[in-house]
Amino acid sequence: MSGPAVLGERTPRDPLLEVKDLQVAYGAITALRGISLSLGQGEVVALIGANGAGKTSTLRAISGMLRPKAGKITLRGQDITGKKAHTLLPLGMAHAPEGRGIFLNLSVEENLQLGAYLRKDTDGIQSDLEQSFGFFPVLKDRLQQLAGTLSGGEQQMLAISRALMSRPSLLLLDEPSLGLAPQIIEKIFGILRDINQKGVSILLVEQNAHLALNLAHYGYVLETGEIAMTGPGKTLLASEEVKKAYLGE
Amino acid sequence: MADFIQHLINGLAAGTIYALVALGYTMVYGVLKLINFAHGDVMMVGVYIAYATAKQLGRGAQSSLLGVMLIFLVAMGGCALIGFLIERFAYRPLREKPRLTALITAIGISFALSYGFQLDIGFLPGAAPRAFPEIIRPTEWLVIGDRDVVLWNWQVISVLIAVGLMVSLQYLVFKTRFGRAMRAVSYDHRTAALMGIPVDRIIALTFMLGSALAAGAGILYAIKDTAVQPLMGLYVGLKAFVAAVIGGIGHVPGAVVGGLLLGLVEEFVVGYTASTWRDAVAFGFLIIVLLVRPEGLFGRITAEKV
Amino acid sequence: MSKDALKGPLPVILALPVLALLQVTLQDHDFLIYLTSLVGVNVILAVSLNIVNGMTGQFSIGHAGFMAVGAYSGGKLSLEMKDYALSFLPHVVSDQISFMLAILVGGAAAALCGFIVGLPSLRLKGDYLAIVTLGFGEIIRVIVQNTEAFGRALGLSGIPQSSSLAMILFWVFLTLLVAKRIADSSHGRSLWAIREDEIAAEAMGVNTTGYKVRAFVISAFFAGVAGVLFAHFVPIINPGSFTFVKSMEVVVMIVAGGLGSTTGSVVAAVFLTLLPEGLRSAFSRLDDPSLAQKVDQIRMPIYGLLLVAIMLLRPQGIFGTHEIWDRWKKKPKGAT
Amino acid sequence: MRFSLPLSILCSALAVAACEKKVAGPDHDQSGGVQGDPAPGNDPPPPAPGADDTILIGEVGSLTGSEASFGISTRNGIELAVNEANLAGGVKGKKLAVRVYDDQGKPEEAANAVTRLISQDKVKVILGEVASSNSLAMAPKAQAAQVPMITPSSTNPKVTEVGDYIFRVCFIDPFQGFVMAKFARENLKLNNVAILKDNKSDYSLGLSEVFNAKFAEMGGKIVSTEAYSKGDTDFRAQLTTIKGSKPEAIYVPGYYTDVGLIARQARELGIKAPLLGGDGWESEKLFELGGSALDGSYFSNHYSADDPNPKVQKFIADYEKAYGARPDSLAALGYDAAKVAIDAMQKATDLSGPAIKEVLAKTTGFEGVAGKITLDAQRNPVKPAIVLQIADGKFKYLTTVNP
Amino acid sequence: MSEVLLHAQKVSIQFGGLKALCDFDLEIKSGDLKGLIGPNGAGKTTAFNVLTGVYRPTSGTVQVAGEVVNGRLPHQINRLGLARTFQNIRLFKSLSALDNVKVACLAESHPLFRASGIEALRKSGQSFMANGLDALNNYYDWWRALLLTPGFLREEVNIEDRALELLSVMGLRHRAEEEAGSLPYGEQRRLEIARALGTRPKVLLLDEPAAGMNTKEKAELMVLIRELRDRFSLGILVIEHDMKLVMGICEQITVLDHGETIAYGTPEAVKKNPKVVEAYLGEAAKTDRPIGATP
């Protein structure tokens, strides 16, 4: 193992999430072959790479949807490897999964309420709801509609809002740009920036490398279950290799 | 005309029971996508628990309001416990396995319960049917003509209880935090876990609820038909399953409508045409419904993504 | 060339003397013959259901219905032909010819029903198809129960008991041969493909509906044959033998054996048919006579619990989708 | 695949073992097996296990399944008779033992069990079954092996037609149907009767068919015929329709397990007409299930519990002591069948099938608890039937109808 | 010059109120290598599904080898010479790699009754008879398999040979006996292509063939796709996200966005098309201004 190519320096921050030598396998197929990454307090970290490179598996392993084969995951120093998904939310981690994971048979309001499933503070929930409506006013108009009737962009907004309803300190986002029109993507990424500025750390998985690296403080490039390259977002964006492979230039 | 009204009453009374049992079926199917073939047998066990409780209470106490409530509570609680045990030890270990394996397990449990209760060893009741105590003293509520049409108190009461249970269930599923969690688990249990929903607990609770409902339905059934016997769960379970499928399995009001429809169809077929064709008609009706609307009357087809 | 031409019928030709030998040696063991006949019928049922449920991935739970169609149509035919014989042949031979005819007619009748039941698979999938097959089985039972010609509740008795061990084992063998040849042929591969991924199979040019219907037809044919055989060694057939509990028993056999594994179906069918008898033997040796006296009843609950145990310990069935010989045939996996 | 080989070996081993043992040792059958069958509470001295001092009687019955309660009654009756015989010194100096196998109510299982009894257990006599279809599955096997078979309660005429080794101790369908038709027409002077039959039971279908024919022959009218399936618990649809036809009585030739419920539901729907039935009614359980709804109904039976005959009274008392319930007609018939068999073995020159058969065929005037049994040339009993009326939770003897 | 093998004209499809594909046009001839790109959810896979008969178009026509195939079933369309791979690999996972390809290598049918005769019957309105004969043909095929007729055995050998050859072409010969589901991702992708080739297609539709491949594998795939085209004289249509791959091998590219065709042309032309840059490569790519900042 030669290890990933490291481009540029990283601004040091308090570590929030640490992943060491994470391995994941689906039956006989190995999806991750030992991934290490870290995310600091208040940081936006992007994972980019092609379909099937292992981005989603990484997120799933971190959030407990998958049991890793090997490796260690710590959140604020606490070992969370192999913990069940529903026990991680109280630790301040929320995951907006691939394909948005909206409950299409529930109303928008119910989806949001489910985001706050573990919370009992009605007032806090209400104020968080208001905050979401501030980010995405359209959701307020659709509150009573079935989530299945929303457009793709609205569903993505709902997914992000719902993840925020648990007041996470770390938000895992899987392809928020998937299937969305450019203007909407821009809007969503703008709001992600706002969310980050309010103190939420974000681990972002994106295919659209341009968008992701523009937003991220730091980025990892995944290739067939391994980290091929790491570096600050802007540095990666400028690198020739990334440009060639992922930006089609 | 009198005949017709009487048939209508009979059919609705029978349909109510199907509907209630179908509700349990549909709920379990909703969260687990498992045809719980043991559901009818769990119902049978519930009726026996009620029977034993009533015997314990004795003749006077069993038909007092408190006594009846106690009987229902004990039976439903007992069944909830049985449901919990079945789910925990027989179904949960198989949740990620092919669905068929859980189905076979369900059949195994169904066999064990329905044949086990035919033994006359220990506390087991033996094969002979027993008269179910009159925990609701039958009185006539409505008599037309020279007893041309008779409506009994328990018919009304069981419809009321059934409606009550259905409404509360509907409330539970659609208006409460638990119900939201249940629907979320039903739709996608992986994502539900990401919301902090304890999926295992929700499924266990749903199972217990379904089993308790079965017990409640079973008691009403026993009041209606005045007897208990170990094989009673088999065909009621099957019919209730048919009702659930007709309504669109996984759909709460669908199960109710399916149950009532099945009860009425059977009643009128037996009453007005060939009485020996009851079962064939029930299944024929089912097949026609499915061929016209493959997803059941209220079900939705989820198209597979390519 | 001539070697190739022989390949088709060769196993049958080889099997015949073995069967004849078996028939002669076991002639006097009534109980063994009866038990083997039951096992044989169950093996045919399981292996044939496995073609639909295991290989094609459809879910039929009305197999007893096809069996009933075969048993009643074949049985009725034999009953009607009872007094006729081909005058130029010895009676024994003539009887076997009419028995064979009954088997084919019963099988064909069941196959026709299989075609009719298979058609909805065009629109219905999974549990929904399952319940249709179940409904079909029940409807057949009710029809029989209400038909005077079929003896109603009493059933059909007096059917000539022309069945022999050799005949049953011959059909068991034939069923296995057909199952194996289907599995090894391009048709079998298409069925597997449907089981694995219907959409992909369709996209690869497999006429999925056609294949599903044909799987139903073949499966039903053998279930019908099993029914006819059954009717010719059980002195009476009545609707109680073809309830959905019977269908479930067959489903249980194939799942316990491993869906898709023909050999697994065979092992499970043999095992589960003998299990109650085994329990009976075990119980009759108990020291406490009063317990043993009543204990015959305990077999069925134990049977149920064993099913649960098998599923929990080995959810994929005894063999998974593999055949017994796969272990030896399979090349060791290269290190990757 | 890890487990598959060991598991499959285990499976086949178990299967082979189960089967192997049964065929391997014909000599084990009479040794170390089950001999005694003390009824609970009766406490006869358990017969000492031994090889040749035991005569094995085979019994096949439904101990599980929808007919289990009938099978169990029959089994109890047989058990009682055998215990009595053992207390009285057995047969030819040997103890008797019953080996009973469950057939789950299925003919193929009945045939299986009887084959096992004949070829493995080498029983001398076979008793069973209740349902005619199951007896018809057993009879050819018994006939072929020349082992006498006595069915306690299969009423279909076809059963004994199978051959000269097949006997019975109960009425056949035509007789009972005729008895009730005659009683309804002549004693009750009824004109319009409805029939509610059990479509799943050949017994019920047989009786109702004969009743239908005879009653019409005698000038009565069947105003409606409805059917249910044994095990149903809701008969309101049929009863509502019957009610519309305004019958003076309803003939319900079913088993007490259903009749109790039918009576209740009939009264509930406002049907006042009495119910008529056959021997399938006779059980204490009938009152538990039917309550007072049956008051004023009539049914044909073999015997009356009021019969002062000490034999009958002793049987009832013994049965109650042993099983804590009053015997039903199936228990009585089981008892009689066993008694007849034991008597025949006692009288037979040796214990071979043909010898026992010879004696059985000559049974005349045998004092059974369910009537005096004289077998005719077709090996069917010729005995009178009685008609009982139900009043105040009791069976009341009304009249005797001779064949 | 060569005949048009796949021709879509003004194809639209609607799901509920949503227009998933709008006036989609496409023409593929033998030897063509075309690309279909666009953001996720733009309707690329929907286009594939319409072309292959999974969905029925709401309007417009699809022609394969000169025949209008609207409303035909996917397997019928496949038989006309159109094969595909799937975005989210749909191999027959528990079958061996070889069997996967064999499934697609459909046996040549040796019918009891000639197809042309049956077709004539059907055209003359006797579709019942035609269906019956068709069914007899099918069952006859099964008989041959059950009786192991020499002809059948020969065919099986032919199928095996062909399947092995295709595996070799795709560099999977050594994997023949392995379970398809246990192959590495990249090999699964290649196996899907091998399987599609088994159906003897004239046109091959590849849905993200390079997904999950590393740079080296991608480079090899590019060579391979060209090779396949030449060797089997296929027309190929590729959906792919990897721009390098698409731009590298495709001669013509169609760009979809929201179901609409926003550009069509050579890679160079498409790359420069402002609409494409906006919809696909992103506004940011052009201006380099930070996302989310107010302009």
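In this document, chain identifiers A, B, C, D and E correspond to the written order of the chains, with residue numbering beginning at 1 in each.
The rule is short, and it goes like this: contacts are C-beta pairs under 8 Å (C-beta built on N, C-alpha and C of every residue); 3 or more make two chains touch, one makes a residue touch a chain.
In this text the structure is predicted, and so the values were computed from the model without any measurement.
Student: Note the shortest touch-path length, in steps, from chain A to chain C.
Tutor: The distance in steps between these two chains is 2.
Student: Can you name the chain that lies farthest from chain B, using the mean of each chain's Cα atoms as its centre?
Tutor: The most distant chain relative to chain B turns out to be E.
Student: Considering only C-beta pairs in contact, identify the chain pair with the most of them.
Tutor: By number of C-beta pairs in contact, the leading chain pair is C-D.
Student: If you take the mean of the Cα atoms for each chain, which one ends up farthest from chain A?
Tutor: Max centre-to-centre separation from chain A belongs to D.
Student: Measuring centre to centre with CA averages, how many angstrom lie between chain B and chain D?
Tutor: 35
Student: Taking each chain's centre as the mean of its CA atoms, how far is chain A from chain E in angstrom?
Tutor: Going by mean C-alpha positions, chain A sits 33 Å from chain E.
Student: Could you state the distance in Å from the CA-based centre of chain D to that of chain E?
Tutor: Chain centroid spacing, chain D to chain E, equals 70 Å.
Student: Approximately how many whole Å separate the CA-defined centres of chain B and chain E?
Tutor: So the centroids are 49 Å from each other.
Student: Specify, in ascending order, the residues of chain B that touch 2 or more different other chains.
Tutor: Within chain B, residues 115, 118, 120, 276, 279, 306 contact more than one other chain.
Student: Could you list which residues of chain D touch at least two other chains?
Tutor: In chain D, residues 63-64, 68, 199, 229 touch at least two other chains, as defined above.
Student: Where in chain E do residues touch two or more of the other chains?
Tutor: In chain E, 54, 86, 184 touch at least two other chains.
Student: Quick check on the complex: what are the chain E residues that touch chain A?
Tutor: Contact set of chain E toward chain A: 39-42, 179, 181-186, 208, 210-215, 241-244, 246-247, 257-258, 271, 278-279, 281-285, 290-293.
Student: Considering the complex alone, what residue numbers of chain B touch chain C?
Tutor: Of all residues in chain B, those touching chain C are 35, 37, 90, 93-94, 97-98, 100-105, 107-113, 115-116, 118-121, 238, 241-242, 245, 249, 274, 276-277, 279-280, 283-284, 286-287, 290-291, 294-295, 304, 306.
Student: Within the complex, which stretch of chain B touches chain D?
Tutor: 2-3, 6-7, 10-11, 13-14, 115, 118, 120, 126-131, 138, 143, 146-148, 150, 152, 221, 224-227, 229, 231-232, 235, 266-268, 270-272, 275-276, 278-279
Student: For chain C, which residues count as touching chain D in their complex?
Tutor: So the residues of chain C in touch with chain D come to 29-32, 34-35, 38, 145-146, 152-155, 157, 161, 230, 234-241, 258, 267-268, 270-271, 274-275, 277-282, 284-286, 289-290, 292-294, 296-297, 299-300, 313-314, 318-320, 322, 324, 327.
Student: Where on chain A is chain E touching in the complex?
Tutor: 27-30, 50-53, 152, 175, 177-182, 185-186, 189-194, 207-208, 210-211, 214-215, 223-224, 244-245, 247-249
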